[in-house]
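What follows is one structure encoded as structure tokens, with my remarks underneath.
The first chain written gets the first letter, and so on, giving A, B, C, D, E and F; residue counts start at 1 in each chain.
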């Protein structure tokens, strides 16, 4: 309605490099530091995959959230040419600690981790930090960390501080992904160890396919509190989901949908436009 | 769909005491410790109002978020008989620090505050902590704090730990409140220094009415990053809102709607039912 | 004795605005940010009420320390025209956690809270932070926080850092207050849940009057250690006090005495003069 | 010399499961929680790969330390059957922050991360945490974290606390690896961005081979202090190394040597025998 | 007045061992662990000297506060037979950091140090921690640390937790010391770099005597804020004091007075009697 | 091999003042602040002794690590003229907490302590911090603290930040010391409560000589984990050592060897040369 005065635009956009030949080309891990220096001449954006290492029901893979976040991130990187850091595979999963194999960072620890990642990147001149997240439990703490990082960047007088912006992009909440999951699974999508995320892992890691088996009806989705409460409420780790519905080809399709949606979101973020 | 086996119900509900004669009757500040001991025989629930102290545009009151959260909390307490602690009037408002008078706790500090409040209450046997929040910037950190508190309660071996549950209730996001705001203000509700929250303050603090005056069109609502970015993007502090539309009687109506919606939510929380 | 070379005076005083029409006029919560900007043109001082939420004996109100600190602060603000922030109602009350309803911030948490409050205010240009405190247990931690805040303000390069000064003013330790309490209650004033503070709450909150009743002789005042020790030593929460002696009119008188004494202290603080 | 009284043996060994068919079989990320429960019936050991994301000279990959640590860990897991968690790809690299692309956790953050990982695992009953590390800068902080973790496990009363043991295994410091590096590269191995670690990355990521090119003589190896000092002392990031000597087949050989040496070390660790 | 019911006495006293032959006999540093085990059979008390390392005016020794605290502690130990730990020579001296040679722990750091010292001692069964302090700047933080330590001892379930008590004894504030200082120096005692503490150092370290020289009149004593403010207010580091008045024999006398007063205080503390 | 371009030398050396008449002359505790100001005109180096307070077997002194570190530091100071701060007598000794009298700082606490010491010194212009350490358990945390300190010094914009360097010098690991210990004690030197460190204490504190007595064969040296594990593994606190072999004259010789070796190391550090 009201015109936004472009004269006071706080920070003009930074262009995306454009599609890469393959995902190797955008992995920060495979770059040298002079290459990153060169990259920063053209683009101030970077993608950080954030996952979790936690139970995903009686058949799902403990690495689901990190595997999926990294896969989506690499595909978004490939489509846009934006660099992708390695994944932070451990997130905030305190409520899943009642199940063997779950590894959790306390909220205060994850806050420090995300803070330090952002500050390191901002020091080099990165101004748009796009975190692709695979786990709902990371959302709150990551957002808190962004606020802490803005303050630190300013307190330390980093040159990039006034232009530093972080965005959390949860691939599993992208509209096309949620719509497709509803089409495929209806109410049996559930809230944790969902067939959609499991499908993605079946596509990425074929060795997981053999674990699929029919399961008892799950406990219905509900609130999340502490680990003891979670285990009592959701005895096998699922929240209303039927992961047996998942199929690898669903995963391939969901990956493409997520990557397309988040690529669009990233380009708007780099251009300083709002999400649709 | 799937029956939830009641036998394994992790924690049976705790009843609400029922309507109080007036709000004095449910203010923890006006209770003695033996009275609280007695209260806990019947009800394990408690309400914690959480606000912020931050700019609310060129005419809005800096105390808006604490004043409104406390007013809603007292009215919810009056309707349900559940005790209300004093308000935590300082919240996470780092992004507003570019405007004079804003006082902010860093995310790591607010995390510690909310953690300590929950732990203190859990030590006495409170099992349902219902935080009525007046500020969007508190949401992420409060949720992170709840996860940290569950872990600490368990690590310290508190008797209430397995049954401890926290819920964050943002009065301004209650469905009837948002619907009414849309009816009253349409797109001019905006995202910060909104006419709905300002209306509530006009109802609570009549001295504020004289400050109301027509304002320039606001900057449109958009993302929130650091304080420098916020000030450039939203030069007078408003995000797409027209607080001049606010009127005291709107505030009275919004307060009633918020209190009704959150009272229902609280009763479901105490009864361990899900939100509608 | 020795002349203090005025040439090297580190920071000239800042004038107080002068008496306000009423306490609404000096509540930061009711100001807008441009009003605070304007205020800072004339005065760099601000008052922060600090309380606690803790047991006050078998009949006293749990909110005593926050209610009284806020009341004194508002009256000091009214007399001097200096802005008053909302109260921090939760303080360091670890030793009272053995009694239901007590809510405590750990020392490290309160240290962070007071640090962040001071830093937020200093960022805007406030140079004299006058904390009006209602609870002995807050004293040590608040003073530690001031030292931490001075260091942070300097490390962050805040413009106000070299002139930043904080003072802790404990209303219950003001000389005229202590003298009046001795006149009224003699040895039965005690050390916690004292008739003087209870009298102030009776004046402020008439609903409390009906709780007054004769009590058993209290445990004598003594040292304060951990919560278990405290409860054993002071079984009903009182330390040598007889709160049944309190009367509302005493409270009115004590409030006036405290406000007068602390107003004088505040004016000297703003003028950079020493306490008498 | 002196007989060690076996009667007081603090914790008997835990057997290794034995070689796995492939590395998928030992990736925690691909396991479900019931599978981990079952695993713990037979073995209490787990491998945690720890890397870093930091400059490795003008041609080396920024991900070198995480890529190599994870590769060695997976091969050790395959040979012994011990589960491997996902890699913590971000480590303590403060001294490399003068070079673009480096991402560092502060020591206090990495301490918290490693603490939380160990505590999560100990909660499930893991008693032998074998951290395979690819970065010298992580050593000090990791060891500090182990001490902190032992104390927390005990303070929280974890059942596994008395038997909890962590070991840091730095693959690049294994005797056969160092001997082979000396044979291959002599003095030109250097201290950072060494041909041995670069060779491993060439073996793992063939896309890196094309980056190899002859380089100027490096600055000689020396001490490590802060980032400014590091960049002045080692202008292109290398410490006395000539990574152009690296070849993929060297990497394959070094990987095998490292995996063999660390597998032996792990088996001794599980059996509670001392390192040779 | 009111009888204190001895039946509910929370913790009966612990006897002091009685005078030691010399100070070596009570230095914890010179004991073996079985000797400490034996000591704890008879006495649960321990003395911790706490100093600071900070400027003491143009002629005073930077180590004044640690040297004096340790000397008093050893003499109290000798007189009572209570063990004395080594001194914590670094304290909270942020305000003195404007003068070369001052070394300060931030308040949050000193809080952690004192917390950890108390927790270590409580773990072994020490129940009465008597901290002999030589520096006013340590008082607030030490008291905050005691509260934090009580809470941790309880949260960790230490056997000694319910009986754990800490007391801060500031030797320079003992009544006989202050009286003697007034007799000797009158108003020229001042507040920092006082002749009384300097006298003690002249007695302990004869090499300091040659530094004594007449000084300009000092800046008058006043408030303490941040380091810049302190240096402007007190340009040579003194607060109203004339350390040239100090003489070694004064120091010997003051040491004896301090040791006598604090020995009495310690014995009352061990016997769970109140200070006079 | 490769010439190091002296033109880019990041920080030229700072000269040592040269031998002092006695150790009093180099104790920071006995200096005044103007003397330190003067010292800094000529030398930017300083020595910090770091010890521990922990069990040293059934006959060894609990203060061994602090007594020896301080003695070596004072002798190095005397030989080089470099200032010596007071000792930090409490270190990281979590694993010894199973033995009475041990006092430990948690790793996170010691990290903060060492960080604050370095930052305080750097603020005054000290650029070479030489920590003489007497305890293996301090090594990891001290090195982590150095990295944290470099980052803070830079973030705070300290003038000395780019030239700030810390070195940890463990006297007991100096080559001539280890060689002499092997000559004197062979395999019976062991790893903790070693005859070499005990010999040094016998030389420093003759009252300890009478405690020497023949002991049972010790548990063999092995790994170090948590306190329960340590006590089970090393029931009397020794790790493979026979402290009865220690003699005072050995201690005198070891002290001289340590001081000579560390003096050389310090001079190279000040001159920015590498260790041999």
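The rule is short, and it goes like this: a contact is a pair of C-beta atoms (placed from the backbone, for glycine too) under 8 Å apart; a residue touches a chain by one contact, two chains touch by 3 or more.
What you are looking at is a predicted structure, and each value in this text was computed from that prediction instead of being measured.
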Chain located farthest away, centre of chain E as origin (C-alpha): A
Recurring contact interface, reference D-F, options B-C, E-F or C-E [over half identical by residue number]: C-E
Identity of the chain that, by mean CA position, is farthest from chain F: B
Whole-Å separation of chain centres (CA-atom averages), chain B against chain F: 53
Approximate Å spacing (C-alpha centroids) for the pair chain D, chain E: 46
Averaged-CA centre spacing for the pair chain B and chain A, given as whole angstrom: 28
Whole-Å gap between the CA centroids of chain A and chain D: 26
Set of chain C residues in contact with two or more other chains: 97, 106, 108, 155, 157
Interfacial residue positions of chain D with respect to chain A in the complex: 24, 27-37, 40, 51, 53, 55-63, 66-67, 85-90, 97, 99-106, 108-109, 112-113, 115-117, 120-121, 123-125, 205, 207-208, 211, 237
Residue numbers on chain B that touch chain A, as the complex places them: 1-5, 8-11, 92, 94-95, 106-108, 111, 137, 139-148, 150-151, 153-154, 161-167, 187, 217-220, 222-223, 225-229, 232-233, 235, 240, 274
